[in-house]
Amino acid sequence: MQNLGISILFKGRNILRLLGGLWITVKISLLSVAVSIVLGILLGILMTRKNPVTKVLTRIYLEFIRIMPQLVLLFLVYFGLSKTFNINLPGQASAVIVFSLWGTAEMGDLVRGALISIPKHQYDSGAALGLTRFQIYFYIIIPQTLRRLIPLSINLATRMVKTTSLIVLIGVVEVLKVGQQIIEANRFQAPTAALWIYGTVFFLYFIVCYPVTRLAGRLEKRWQN
Amino acid sequence: MNDTEVLLEIRNLEKDYGDTRVLKNITFAVKKGEVIVLVGPSGCGKSTLLRCINGLEPIRSGEIRLDGRTITDGKTEWTEIRQKIGMVFQSYDLFPNMTVLQNVILGPTKVQGRSRNEASAEAENMLDRVGLLDKASAYPRQLSGGQKQRAAIVRALMMNPDIMLFDEVTAALDPEMVREVLDVMLELAENGMTMVIVTHEMAFARAISDRIIFIDAGEIVETDSPDVFFTRPKSQRAKKFLNLFSYE
Amino acid sequence: MYVQAAGLALSLAFWGILLSLAAGLVCSLIKYFKVPVLQKIVSGYIELSRNTPLLVQLFLLYFGLPKLGIVISSSGCAVIGLTFLGGSYMSEAFRSGLESVEKSQVEAGLSIGLARAQIMRYVILPQAITVSVPSLCANIIFLIKETSVFSAVALADLMYTAKDLIGLYYKTDEALLMLVAAYLVILLPISFAASLLERRLRYAEFGN
């Protein structure tokens, strides 16, 4: 009986279909991370401005996104938008929007923390050399913050990949859904398929996330200086 | 002089750190009531030696005998021995989550099973003698370095040890606080406590010690009475070492 | 109806968090004392649980295990899943606390004759917990957020396709608003309390 179960993995193009689903997950995560990094840096810089209005607004944005479970945000965007504004967003697009919003908030906070930790006299020395504000940021501040940011960003990316698993609940066909379909299709030939398929999905996520986590750890240690 | 019993005896002690031998053939004896000061260049093993006596570091070979009993045979219960050996560290290491009073009665109550009241009474007595009674309910973070070190000494004394070890206890203190700690140690010595001290305070070493043991590169180079050591040292290395402290 | 669901989610969360803390403490002690075989197992467990999503873990528990003959109720799966995930995070939080206590504190304890167990109880643990609390609180908040997965999974029987999901949510407006409000109501106070607690503890330890 067990043989029947595990052989489902090798039947037909099942593995490829699973990997295809995994690719959707990874694609959404990568896209969201890319957007988050760019927007997050901008947000972070924005958050260090002295303007009290921006401080309050950005703070509210940050706290809201942080406190809300990502699933709720997904539902808000996917179902809520279509109901209230009659915009019908496909699941993947909603996912990218939500994760980008989430990622930007987190990145913004990381960037703000990194910027604050840079001693003030770095800014002063730059100004003393006659650099404009933009040049100071570009040549002096940003390179230093990057070192602190990159391991933390990689950590954020990993979390995003894991959270992407939730999009199955708004109907996106990603790896978990593909797994479900395979199990459904083979309900009679391989009754124990569920164990093996979900087990495989479990390990697929692990195989994607674990090396990234290790990489982040190694980078962090190397740049501990 | 031979009627005073030997309290601590070290025989042929050897210790390694990895491949390096950091203590070679250390042999000496400490009589009851004697104050021994170990001096020498930094990193030559003096602190390590103290830590070996207290069992905080394992030894490679050799023997340590306390009160006639060998304590390095692997059969002794260190919790029992450490009650007889008091140790004060350079970094004081008071427990930050307890008040000074709680710090000093922790050992007597939890290890020796004495009652809280009795231990507290004795603790307050001792704290008073070192000038810390008003700090008994304070937390370590509220104390200065010198006060913390005096508290650490009381903590060790509360266990009624036979011998006290002091590991560079003033090295981390601001200069103005060094004296208050050294005064406590001088009084201890006057009252007959057996002490083994590692220090860089040369004037203090001269004043308090009965014997100076000069250690360099992990071995005992010279043993003298303090007057002899500081005025007519026998070895070249000792002379070189003492020159570091004179500014002619 | 919403109140009932919220109540259930909270009680599942409560048990999950409690068990995670217990499991986390045990695992961190195992790693701290470097217990021979168990240490490797615990490390493996931590890596597995931190690199896989809760949803997949739940699927495996709820649909996969029955194929091996082990059937667990949905509530049981929820608590087990939460504990599995939470335990590793709590373990890391406890471990960083334990390792923050300097070795010299242990030596000071040894020097006055304390046994190792006594040192753990009177010296190490009190200090470790203070350091761990911020992470522990963050983890608790994280776990509460994860419980949102339960509600979605319970509402949508997993065999159905996305179409049916949308059908179920036809009256979405109030549902969504309620959901948002519910999480805000629960998590904002906890978040606020956690930062207060952290500030209080930091003051007690460092006096600032």
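Every chain is named by a letter (A, B and C) in the order it is written, and numbering of its residues begins at 1.
One rule holds in what follows: a contact is a pair of C-beta atoms (placed from the backbone, for glycine too) under 8 Å apart; a residue touches a chain by one contact, two chains touch by 3 or more.
Since we're looking at a predicted model, the values are computed, not measured.
Judged by the touch criterion defined above, the protein chains link up one after another in an open path, with no loop closing it.
With centres computed from Cα atoms alone, the innermost chain of the structure is C.
Distance from chain C peaks, on a Cα-centroid basis, for B.
One simple way to say how far apart two chains are is to compare their mean CA positions; for chain B and chain C this gives 46 Å. A straight line joining the Cα centres of chain A and chain B is 57 Å long. Separation between the centroids of chain A and chain C, computed from CA atoms only, is 21 Å.
Contact with two or more other chains is made by no residue of chain B. Chain A contributes residues 5, 63, 67-72, 75-76, 79-80, 83-84, 91, 158, 162-166, 168-172, 176, 179-180, 183-184, 191-196, 198-199, 201-202, 205-206, 209-210, 213 to its touches with chain C in the complex.
The touching residues of chain C, counted against chain B in their complex, run 102, 104-105, 107-115, 118, 122-123, 126-127, 130, 205-207.
Per the touch definition, chain B reaches chain C in the complex via residues 54-56, 78-80, 82-83, 85-87, 89, 91, 93-98, 106-107, 110-112, 139, 141-142, 152, 155-156, 158-159.
Chain contact summary for the complex, chain C toward chain A: residues 47-48, 50-57, 59-60, 63-68, 145-149, 152-153, 156, 158-159, 161-163, 165-166, 169, 172-173, 176, 179-180, 183-184, 187-188, 191.
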